[in-house]
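There are two complexes below, and they share subunit A, which is joined by subunit B in the first and by subunit C in the second.
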Partner chain A sequence: MTPAEIRDAVLDILDTINPDEDLSSLDDEKEFRDQLDMDSMDFLDIVMELRKRYRVQVPEEDYDNLVSMNKTVAYLEPKMKDISA
Partner chain B sequence: MSRIVITGIGLTAPNGNNLLDYRKNLLDGVSGVQDYEIRYVGKTLAGICDFDALKHQNRREIRRGTRAGSIAIYCCNEAIANSQIDWGQVDHARTGIYLGVTEHGNVETENEIYELSQFDYDVSVWNHFHNPRTVANNPAGEAALNMEITGPHYTIGAACAAGNSGLIQGAQMLQLGQCDVALAGGVSESIHTFGIFASFKSQGALAQHPVASEASRPFDVDRTGIVVSEGGCVYVLERLDDALARGARIYGELVGYSINTDATDFVLPNPERQSQCVQIALGRAGITPADVDILSTHATGTKSGDIQEIAGLRKVFQGNSNCSVNNTKSFIGHTMGAAGALELAGNLPAFDDNICHATINVDQLDEECDMDGLVLNTPQTLESVDYIVNNSFGMLGINSTVVIKKFTA
Partner chain C sequence: MPKDFLAGAKDEYDVIVIGSGLAGLTTANILGSAGYQVLLIEQHYKLGGMATWFKRPQGHVFDVSLHGFPFGMKKSCRRYWNQEIADRIIPLLGVRFDNPQFSLTTPYDRENFTELLTRHFGVEHQTVTQFFDAARNMNFYDEQQVTTGEFFEKFFPGRQDIIRLLMEPITYANGSTLEDPAITYGIVFSNFMSKGVYTFQGGTDMFIEMMHDELKRNNVDVRINCNANKINTRRGAVQSVQVNDRTIRCRSVVSNANLLTTIFKIVGEEVFDKDYIDEARNVRLNNSSTQVYMALGENDSIDPATGDLLFSSTADRFETDLLLSRDITSRTFSFYYPSTRPHANPRHLIVSSTNANWDDWVHLDDDGYKASKEELIDTTLTALEKYVPNARERIIFSEASTPRTFAHYTQHQNGASFGTKFEGLAVSRGLPEQIKGLYHAGSVGIIMSGWLGAINYGVIVSNDVDAQLM
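Presenting the complex of A and B:
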């Protein structure tokens, strides 16, 4: 997957978690928590969906890497580069 | 002891999402049973609710929570709206939620195990929402969270006597002064667990019929068993003084109730204990069988259950009463944890219109289910309705009866 494809994959997960959220104006630099209605259970949901959809494991000590879109994509890139979109 | 009155009703039944529509369909003979299909069991029948869950929840909350939680949230919010209480002024710390459930957690556990099977039973994909979804207080807890109610909340596990049990618990908490407003009743999400269908099938107690609307047929010779249904019904209960002080509309007064236990069998009913349950409730209400106008039966459409219940009721009422006898499950199937509360709600408007709704689908009455006063297939207009008795019985021999009186100051 390319970084753009990983971004789309994360967007799709965010849409699944909160279908009422408008993701079209998401600022990739800003933290998710500052622009989306998200709590700790939602972050666990992101981890779970990555595991289910792509078999990507995110250990607890790495959760801080999922705070914004840019950081998430950067963190996932090496883990998902060999996965086909 | 404080007098307890019903001042609001919120419900979803397979044939109506508010009291007016539900009552109209009960009087018009409209069934809510539909064809249904569920994992592993395949094609079957069920009572399915079509209330708008998005009225009081967003899609994220619905995804997180349970169907029982959504039903509870809908019914609690609708009950408060129906009561016309000034919710913004009500002390939420003095509001309690008491909801009966037949079972809880089966739906969520089955779904998770199915999901797990798609991942070769790798438990690392087991959902982190599993525990909050399956704790036994879930439906009441979800409603408390949704409505920011900070008083006591819990569920009452009472098999199919749960709807009445929730109502009774709410009344008791008001009388104990533990809350000022009680949201009390019952909910069921049971149509979403294959296990309940499969278990009734194994028992030979699951209804089958080529026409869905005719499948739930208590007292008919051709009854084949239970139609499993979902639903919910929540009452706003208040102490009479509080209700009068705010000029509340009063649907009826809870004047008597009883819960007792067969202690004889896992599933088979005990007519002697059932009749004792009714007699205790009548005694507490200070009335005799002759005072009862409408008797709402529990009968589920099983071969033996219906006969046993009528045998117990005959002991109390036959020759002693002119009451009219009906059955709501014939319209909506068995709404399990909601049954007692929903079946009472369908009868409460009789205090205003003096009509006893019928038991439908009785083409040929089973002689062993016959008793004086059965209202079959068409509603019956009565001279007046002052007392309604509502029965709900459940597995492990739990029996419940409530007596509601038309309100007079």
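Presenting the complex of A and C:
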């Protein structure tokens, strides 16, 4: 997957987790928490969905990487580059 | 021949979940829907654990732990159960306090509490904002040193009345005290304050039945009257569970039984590291409860202005010890109107709850126990008269439960209503590091208790199990 495809994949997961949230104006630089109504369970959901959909493991000590879209994509890139979109 | 409650059960599963409390049910559901072969066993004849109800003649159905939970339940039920369950979660509007320091009714949310604290209690607006933000932003890693009492003192020094307003409901919600780490308060209080107090329309029986249906859809093999006698391990990994008279193999075990029961009784301390066992021995259990269940006659009703949830006390000031004392001065009354169960006979019911110590109840002989229960009912009726005029004549049915009742039905040590104190969480999380494939999911550490805490902890542990099994 390319970074753009990974971004789409994360967006799709965010949409599943919070269907009521408008994601079109998401700022990739800013933290998710400051833009979306997200709590720690939502971040766990991202981890679970990544494993379910792409078999990507995110260990607990790496959860901090999932704070913003840019950081998430950068963290996932090496783990997902060999996955076909 | 006695009925075989394991008839047709397989000899091996991916996961065996021991206990059908809300954490156990949720873990089983998530792992079942992820495609694992899951066996859920419950020693009682009913699913739900503390999330339970019971029926009495004349159509009365009493809920044991449906007094209120935070809005977060709606999201957790939608995500990890289904939309139909989430849709039945509705707000409870009338939360009341009545004590010698103040009497008020509140929707119990941040907006209203800000108003109350500034107008009624005369606190600066800025202080209130800082307090709410500090409570909400409490970080798991750095707020363990400060106690809840110290946290309050920082914002509202010397204000016993404010502490009572802020603390009393939380003490009832999870047994936490002013001496517990502030983080336990901050998380739970902020959960409630985000949108107020909610309940499940349809009653606990409908809630658990809808969950059972969902478990079946996800192919979870659900068995009642099945006790886990022993978890067998081999070379540091789980191997099987002895259920009734069978031994069933599995790759993972999630125990929803009490943390200490799991370690010391179902597994056995000999298979753990000594340091871990020492840590486990130092885990304090949370307090237990007493309740009195009361019903009005078929044609009688409670004035809706009475509210839904009433924190009543005759004590001059708030003290944790007073809340636990057998000499009861503080009670939480839950008033249930026919809207609780729109599909059932219209009934008006009242459940009075108090926190209680196991030690105060365990040593009584049969006669003493019976007399104590009667006294509990009697003093409760007296206290209720203030809110439901002539309650004593109007209540046509009453019954009491005690720490012994809770211990009997759920096998929780000391009848603990809300698991363990904070230190239990680390021991619970450390279990899989001791024995591969062994997990605990159930009320623990104060923050992981209550309906929402138990469900969310079930989610967290499911994630760990899924990562291990994958």
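One rule holds in what follows: the second predicted complex is superposed on the first by the 85 of 85 C-alpha atoms of A that agree within 3 Å, B and C clash if a C-alpha of one lies under 4 Å from a C-alpha of the other, contacts with A are read in each partner's own complex, and residues count from 1 in each chain.
Simple rule for what comes next: contacts are C-beta pairs under 8 Å (C-beta built on N, C-alpha and C of every residue); 3 or more make two chains touch, one makes a residue touch a chain.
In this text, all values refer to a predicted model and were calculated from it rather than measured experimentally.
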First (subunit B), second (subunit C), both or neither touched by A:R51: both
Touched partner set for A:I17, first subunit B, second subunit C, both or neither: both
First, second, both or neither for A:D39, with subunit B first and subunit C second: second
Where subunit A meets both subunit C and subunit B, residue numbers: 17, 41, 44-45, 48, 51-52, 57
In the complex with subunit C, residue positions of subunit A that touch it: 17, 39, 41, 44-45, 47-48, 51-52, 55, 57
Residues of subunit C defined as touching subunit A within the complex: 34, 72, 75-76, 79, 456, 459-460, 462-463, 466-467, 470
Residue numbers on subunit B that touch subunit A, as the complex places them: 58-60, 63-64, 119, 124-125, 127-129
Residues of subunit A touching subunit B in the complex: 16-21, 37, 41, 44-45, 48, 51-52, 57
